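These notes concern the structure reproduced below.
For clarity, chains are labelled A, B and C in written order, and residue numbers in each chain start from 1.
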Amino acid sequence: MTKTNPGRFFEDYRLGDVIRHATPRTVAEGERALYHALYPSRFALHSSDAFAAECGLDGAPMDDLIAFHTVFGKTVPDISLNAVANLGYAEGRFLRPVMPGDTLRSESEVIGLKQNSNGKSGIVWVRTRGLNQMDEVVLSYVRWVMVRKRDADAPAPDTHVPDLEKAVPAGDLTIPDGLSFADYDFELAGEAHRASDYEAGERIDHVDAVTIEEAEHMMATRLWQNTAKVHFDATNREDGRRLIYGGHVISLARALSFNGLANAQCIAAINAGAHANPSFAGDTVRAWSEVREVAKLRDDVGALRLRTVATRGTPFELTGEDGKYLPDVLLDLDYWVLMPA
Amino acid sequence: MTKTNPGRFFEDYRLGDVIRHATPRTVAEGERALYHALYPSRFALHSSDAFAAECGLDGAPMDDLIAFHTVFGKTVPDISLNAVANLGYAEGRFLRPVMPGDTLRSESEVIGLKQNSNGKSGIVWVRTRGLNQMDEVVLSYVRWVMVRKRDADAPAPDTHVPDLEKAVPAGDLTIPDGLSFADYDFELAGEAHRASDYEAGERIDHVDAVTIEEAEHMMATRLWQNTAKVHFDATNREDGRRLIYGGHVISLARALSFNGLANAQCIAAINAGAHANPSFAGDTVRAWSEVREVAKLRDDVGALRLRTVATRGTPFELTGEDGKYLPDVLLDLDYWVLMPA
Amino acid sequence: MTKTNPGRFFEDYRLGDVIRHATPRTVAEGERALYHALYPSRFALHSSDAFAAECGLDGAPMDDLIAFHTVFGKTVPDISLNAVANLGYAEGRFLRPVMPGDTLRSESEVIGLKQNSNGKSGIVWVRTRGLNQMDEVVLSYVRWVMVRKRDADAPAPDTHVPDLEKAVPAGDLTIPDGLSFADYDFELAGEAHRASDYEAGERIDHVDAVTIEEAEHMMATRLWQNTAKVHFDATNREDGRRLIYGGHVISLARALSFNGLANAQCIAAINAGAHANPSFAGDTVRAWSEVREVAKLRDDVGALRLRTVATRGTPFELTGEDGKYLPDVLLDLDYWVLMPA
């Protein structure tokens, strides 16, 4: 009997199953420093205990994407080891800040199954929850992947496609307990723009660009204990390059978006996301955003629904005449951020 | 007078000498995060304060190899600056967990000397101890190296070859104070296998593979304040590659061994180790293990004596017809791990 | 209206203006660990809480250059985004140790302006102060840069060239509160030399060498939230290399200087500094120092005024027959260090 993990195949998933993922992880000042070394992030709330305290928190929470990557990484051995494709995200909700010293673990519920017509693979939908050491849910999201079957003759499960929201409604966004932007220091945060200064349809070129090195994306991906072989093993491809974890590009795009969105202090929801094309070391990544909605949640707190696109090409170019993503587009992310109203 | 350190030569060592090494070092959450970024480690006890607390500890200790590398790095300027070869390890014992915030220092006692017949070099055996800020020994190990003589005419010392154990006996292994596997959560740890599920002679291919980049092994080696020039200076070789610190390969192999040995939570002893061939950036490292002994230390705690081999070739291949290591074998490590009985 | 930061041009600066820079930053154990991973630093005071406690401090302060880089990085978007050249440093004073958990922010006062005769650019002098969360100044320095004009027709300001000290006088150096070298452990620090063992004119070749990788200098520069595009964007140059942040070379030189200056525990002042030539990945950096002055500040505390030169060439070579820096010289730094008297 082999003692190593072969991963799950399509026929191993049952609707309603809840999978508790290994390995729990305490995140702290070290992960925060590495996040700053790996991504050009400058959002003040996650950078400064003093700034966070003036916004009503006990100290600077871990970057929202540290929480996301840590929770996501744990799901890989159980969900995507035999995945052919990462198809989508929906209903991502950031429910509670993760503070230095918190321990995160993940569990995923199978909420949808649909065998492909070729009988060789199928689509699995899971709702993943990240929990802290008090068993509080810090974030949850739905993700669906195409997974191979071990045995093409295994019977197809009943098809169940979950009904997912196209976007989290503004009224459902969670404002972290205690957070207040009433005494917000715009100068220290880096820009003067409030949520009400943006308007739907507005586009922002985030100007800066970052070239990715192999060592960087591998260190990042290991940091989240995402050990999918394809990110680390140069013998998988003739050119020796390793496929970059899609979350690395999400973090790059979010960090680059500081220039023009410096007050977008928290990610409150992820509505949808597509890893449009694979990314490799040597890519120089740029980002641009389009404002989709502007919402006022409270007197002090507003929200923007953004489409942020990461590209190794020219900003604002997105799809070709065939409606498909252009080859240089890496990420198309639809999400909500919180900022001063 | 030069103020820089020329290192010690063979004739500078005296049997019984105790050398206190510079530089003391506090290790904490930052070193833990970097360890996770540099090595694909997923052992729960060192990853999660909550998991460690459920195993009876005050929190997650630093990875055992962080302690080893930190203690080892300090010895380099005094022991191996003029070394021609790193010949072996023996009697490595992990005696006490290192917790975040602990300060480590090292001292080495010269326990053996033997001049080579050519009169130009000799073998030095040292027992190195790592001590914390309370002067408690956290680990100790014997290492022997071949060191050049400054002056070939310097008289040979009396030959003294220490009598070393081939392996630390199971009965001598130290279980960390307070550690209990009585309520161990196998699901959260990642695998279901107890020590008693393994048997002597069993072989495990750890499946995963990691390609090494120059930036990664240099950051790791600096992190342990091991400043041996050969790891950092590209002008030493025509191809510009730098010799990788052998300990980097130990940590890679140990991390890769998670897949099949996820419950091997602690390293309790290092019985022997050979850096079979030098490793360089670009190498894709795989690992396999053979179980040598299975021991029960207590009702809840078992131990495995393992041979773990790191290779850039094919798992389970080890030596050629001449009995020598094959050129792709990088590391052959004999050690004890603790796991649920 | 664009929401991104175009940076300031020469005509945007007014004598006496004080610019508060974004983004405040909490530095802690994570930044300390990364500093050790990025630079081969072994100075005991910044490495060990226990050693620092024996020197009278509450624990190991953050490396002085962590404070410098963090404070400097924040000034980039406001001072040097449109800079053509970084011309010099003066009157750098380290006034208070930065401890793990402290939050730093920066502000700069415009203390000099001089339009160039071509009317297209001008020189701006700023005095930058780094402040902690108690609004205490932890360090200050003067820096001057050449900045482009947006509009060549903008009127020239009155010329004001500040009167700057050539070097901070020894009597003005600040000894950190509580610091005592009375019970200093030279063995644990790594060398036996006191300040009084050095003499003016003495030269030290620091022996070691480090080759720089793209991933390393980019991670370092991001860590200080210095996001100047030229350090990160490979599309700026045909060869794809990125200009290395000058501060990265300062930290490398300082770390290399351990070998021969192991007891130079604190940087007390920066008198002057020139980034003699640009540095790129692939450079193998060496360092040498010349002692310029030896001072006794107290019975236990002495100081050395040092010139430390970083080079990718041969130590002790500095300028050519034309008096200009040789092409392999990267850094020429004039500064004060504190060590046991």
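Some observations on this one:
The rule we apply is simple: contacts are C-beta pairs under 8 Å (C-beta built on N, C-alpha and C of every residue); 3 or more make two chains touch, one makes a residue touch a chain.
All values reported here derive from a predicted model rather than from experimental measurement.
Fitting chain A to chain C on C-alpha positions gives a rotation angle of 120 degrees, to the nearest 5. Interface chain A/chain B: under half of the residue numbers present appear on both copies, so the contact uses mostly different residues. Averaging Cα coordinates per chain places chain A and chain B 36 Å apart. Of all residues in chain C, those that touch two or more other chains are 28-31, 33-34, 213-216.
Those residues of chain A lying in contact with chain B across their complex are 2-5, 20, 22-26, 28-31, 33-34, 77, 100-101, 103, 105, 133, 213-216, 218-220, 222-223, 225, 227, 229, 232-235, 240, 242. Note for the complex: chain B touches chain A at residues 28-34, 36-40, 42-44, 47-51, 59-60, 187-191, 193, 197-198, 204-211, 213-216, 259-262, 282, 284.
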